[in-house]
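There are two complexes below, and they share subunit A, which is joined by subunit B in the first and by subunit C in the second.
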Partner chain A sequence: MRLEKCWFCSSTIYPGHGIQFVRNDAKIFRFCRSKCHKNFKMKRNPRKVKWTKAYRCLHGKDMTQDSTFEFERKRNRPERYDRNVTAQTLKAIPLITKIRHERHKKHITERQKQGKTKQRERDAKELEQDIQMLPKKDTMLSTQKTKVVVKVSQQQTEENLMEE
Partner chain B sequence: MGGKCPHRKVKKRRLSHKTARRGKFLVKADDAVYDELVKLADAGKDADATQLPVDEDLPGMGQFYCLHCDRYFASESVKEEHYRSKRHKKRIKQMSGPAPHTQLDAELAAGMGMPDNGLKLMSM
Partner chain C sequence: MVQYNFKRITVVPPGKDFIDIILSRTQRQTPTVVHKGYSISRIRQFYMRKVKYTQSNFYEKLSTVIDDFPRLDDIHPFYGDLLHVLYNKDHYKLALGQINTARNIIAKIAKDYLRLLKYGDSLYRCKCLKVAALGRMCTVIKRISPSLAYLEQIRQHMARLPSIDPNTRTLLICGYPNVGKSSFMNKITRADVDVQPYAFTTKSLFVGHADYKYLRYQVIDTPGILDRPFEDRNIIEMCSITALAHLRAAVLFFLDISGSCGYSIAQQAALFHSIKSLFMNKPLVIVCNKTDLQPLENLSEEDMKLVMEMKAEAMKTLGHGGEANEEGVLLTMSTLTEEGVMAVKNAACERLLDQRVEIKMKSKKINDCLNRFHVAMPKPRDNKERPACIPQAVLDARASAAAAKEKKKLERKLEKDLENENGGAGVYSASLKKHYLLADDEWKEDILPEILDGHNVADFLDPDILQRCEELEREEGLRLEEEAAQEAFQIDGHELTEEQREILGQIRKKKALLIQEHRMKKRTAESRPIVPRKFDKDRTFTTNRMGRQLSSMGFDPSAAMDRACSRSRGRKRERSLSRAASDGDDMDIDGQQSSKKLRALSRSRSRSKSRPSEEVVPGEGFKDSAQKKKAIKKAKDSVRNRNKEARRGEADRVIPTLKPKHLFSGKRSIGKTSRR
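Moving on, here comes the complex of A and B:
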């Protein structure tokens, strides 16, 4: 039950999913879904397709350097079984996952902070420039003066009462 | 009459059966060519300096070979002509660029560390 990574989009391939292409020099290409397989057959470069993990890491949109990445790696040498170490590892896995998610979230927040700052500056500048276009106080006062009070005649009231 | 696509005009692109498409699969892929070029560069050699084995099944006994395009030529003059072609120059530019994408790149991007190959075994 080994979990592999897609050659194109770097997402996890669970057992029973995806497709695998073995080239005639015995190099293996794994794909998580036909979307990635088709892109590969069209000879597209994952570094230039914006929805792939390779693109996002290359352009600084995802976290690339973190110590939690060292826990997950391909181990080409089997480890000797140790009951205590296994128990500790199983206990630590949820904690490591949580820490990784927190750091990833923090990285994205930090990355988007610049954009928010620039947006705020832009808004302030726009307010400063366009404040003149708002209606002035005198106009509002003159508008209020033109209001006419309409009185309700009593005859209508009497007619309603008689009808009832 | 099989394998022809009626609305494709160019002759060599109308065919879809295996025999016609086999040539595509025999050409080395980008990463294989790139690896060989890197290996030659590490050894301090040029692509033309390597000694090629004699093979009677190949054109020109397999002595006139372009590594970038993975093609064999019948003679030196034909190979020189090929070196001046646009396709070859495009290939050279492509191979001079960044390394092609590999499974290792995909895994590093997915958040995995470098592969752990364990301790080095004692060499005999």
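Moving on, here comes the complex of A and C:
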């Protein structure tokens, strides 16, 4: 029993799930669910469909190169069982997974950094330009809170008049 | 051996066709163009060639006819006699003779005319000579046309004769009409001879083939024979007689012992005796047919006597006295019940074969046959035994191998024994794990996961995983350190504070509202020429509202509101001095007076007086101002409804389609670019 990867979206297929298609040249196509199967039948290219792993990797959304990926690799040669090695492996797997998740998180934050700075700049500019759209007292309240409490209300009206 | 196949004879055309064939061939195969101006020798040669060619063609054609037809003296006497019986030898010979004579006459004619042509002195004369020659030849053929027709008929009949081989093994069936000859034939061969319950159903010879002892026998069915003098016999009977006389065959003489054929046994015996000379030197079998109607034993004394007499005669036919055994001579059968049919066939074949072998043994050819046979019989050289030899070493090795196998079997505990010890078949389940080859035997029973956290454990297995893991952790530690260092350096000055973010949210909310409003306006009010009251139901555009909005934004709305109110004009338009005078200090009073009072005082700015619309202008075509007024009113009325519903009217601006799609795209199959 093995966990397989979906041909279309590269998600993990647990035993008893999904469907599998064997072409007449003996190539096997596994699908995690009918959605992927239908997309395959529609001859869609997974690299061009946004929600697939292939698309995300191709467009730099996901981390593609990392040393943690080198641990997991399908072995076509059978290995003789060794209790010690297996025990070590079982201990190592959660560790590797954790590290990979960390790195993935990092990758995403790195990726989003540029957009975030831009957004911040845009916000600052908008705030500066469109502040007068709001009633003056609101903006005053927020910016010069401490000052306003002490001052007399007459002064405010005067200011308003002046503006007009 | 001569094959008698009369199917190969070429067709004999009737006289007229014969002439046509020859003449047209002459026309086609010889030159056709000749002129008066040619030298006389050339002209002569031209016509001589024609005559000669025609003659040779006639000769050839007639010769084939003569050669193809068999000469009665040369062929087997059986066929000779058969043809004589069927077609009359004299007539046949005469016809062939006539053709032969015609051939000679034609040759002579040609010779004469060739000689004459040699002396022809003009084209015309030569031509006449040629015509005469051909004409005479044709006349000769015309005269023999009855013979040609006769030969053609004979040819057609001969082609349909059965192909009997006179020299092969043959069974000949004869007897009175209607005694069951054809039925027997149908039983033993695959020939499909017509069988009917009246005499002379069979009118000619029929041939079938039967197998006996892997040899092929020709079976000939003959028409029935009546007992009468030879001269009185008709053609049908004569066919049988011919066959009986000339074929070296086993003869089956059929007797109908029940007498249902219409002839008594005595009559049949009489026939037998009258034609018995034909049976000499042939194996003869007397077949008593129709035993299903009357068995042989039940015959009356006299009849029995007659039958026995015939049997005695039949025994004598072979000529060696009584040496032939009795059993093969008189046989009984019934073609209806198929009882004894095969026995008759086998007996006849057997006797025929014996006779033929005997004849062959006596002939000179026997030596040729004998030296073809050789049967090898190896004799033992001496009395010594020569068994197969196996070396002692091999025998020893085999024995030891067998012993070792046995011993091993005793030593090892088999799975079968285990099964028997642990509850037998169905209860015991063999463990495959115990045959594992592992470093430690304890490991054999380990249970281990295949899947862990969505990964295949087998994919991670690696002898030096521990080492690699450590390396990875170290790497990760380094990375984290680096990151921390970077974060410390990074100064994030652009981050907005909480309050700023709140304000920004409000600004955005406001903007969104404005946009939404604008869109609504654009969709409804703006696109209409006027806004009737019914579309501004909720009174959105009021002075009060403007005031509220302005005050909410922190402005004093009173001035703006006043101005808006003052814009609305009073009912009366007048020009007063007091108003003009007070215009200057308007600003001062603001704020002190109430808005209502102000509105009452307010007046619009003065306007220059323009021409009233209903005033008649020359050239417009109206009689007087009343008429014009009416017209204007009508015009307004006509568009009022349309304007109210914001429909498009004729006064609206229209931009026509400058480049209609249908005129500027596609191929021009019908029409042109400008007009389609």
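Just so we're on the same page, the second predicted complex is superposed on the first by the 130 of 164 C-alpha atoms of A that agree within 3 Å, B and C clash if a C-alpha of one lies under 4 Å from a C-alpha of the other, contacts with A are read in each partner's own complex, and residues count from 1 in each chain.
Following the convention adopted for this analysis, a residue touches a chain if its C-beta (ideal position, glycine included) is under 8 Å from a C-beta of that chain, and two chains touch if they have at least 3 such contacts.
Because the structure is a prediction, the values reported are computed rather than measured.
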| message | Under the stated touch criterion, which partner chain does A:P46 make contact with: subunit B (first), subunit C (second), both, or neither? | response | first
| request: Using the superposition on chain A described above, determine whether A:Q114 touches subunit B (first), subunit C (second), both, or neither. | output: neither
| field | Which of subunit B and subunit C A:D25 touches, first, second, both or neither | value | first
| query | Touch check for A:K5: first (subunit B), second (subunit C), both, or neither? | reply | first
| said: Tell me the contact category for A:Q65 with respect to subunit B and subunit C: first, second, both or neither. | reply: neither
| Which holds for A:R73: it touches subunit B only (first), subunit C only (second), both, or neither? | both
| field | subunit A residues touched by each partner, larger count belonging to subunit B or subunit C | value | C
| Now for A:I99: first (subunit B), second (subunit C), both, or neither, which partner does it touch? | second
| query | Following superposition on chain A, which residues of subunit A contact subunit B and also contact subunit C? | reply | 12, 71-75
| field | Complex contacts: residues of subunit A adjacent to subunit B | value | 5-12, 23-25, 27-30, 45-47, 52-54, 56-57, 62-64, 66, 69-77, 100
| query | Which residues of subunit B touch subunit A in their complex? | reply | 25, 28-29, 31-32, 98, 101, 103, 105-119
| task | Note which residues of subunit C are touching subunit A in the complex, please. | result | 436-440, 442-443, 446, 448-463, 465-466, 468-469, 472-473, 475-476, 479, 483, 494-496, 499-504, 506-508, 510-511, 552-556, 559
| remark: Residue set of subunit A touching subunit C in the complex reads 1-3, 12, 14, 67-68, 71-75, 79-83, 85-86, 88-90, 92-97, 99, 102-103, 106, 117, 120-121, 123-124, 126-127, 130-131, 133-139, 142-143, 157, 160-161, 163-164
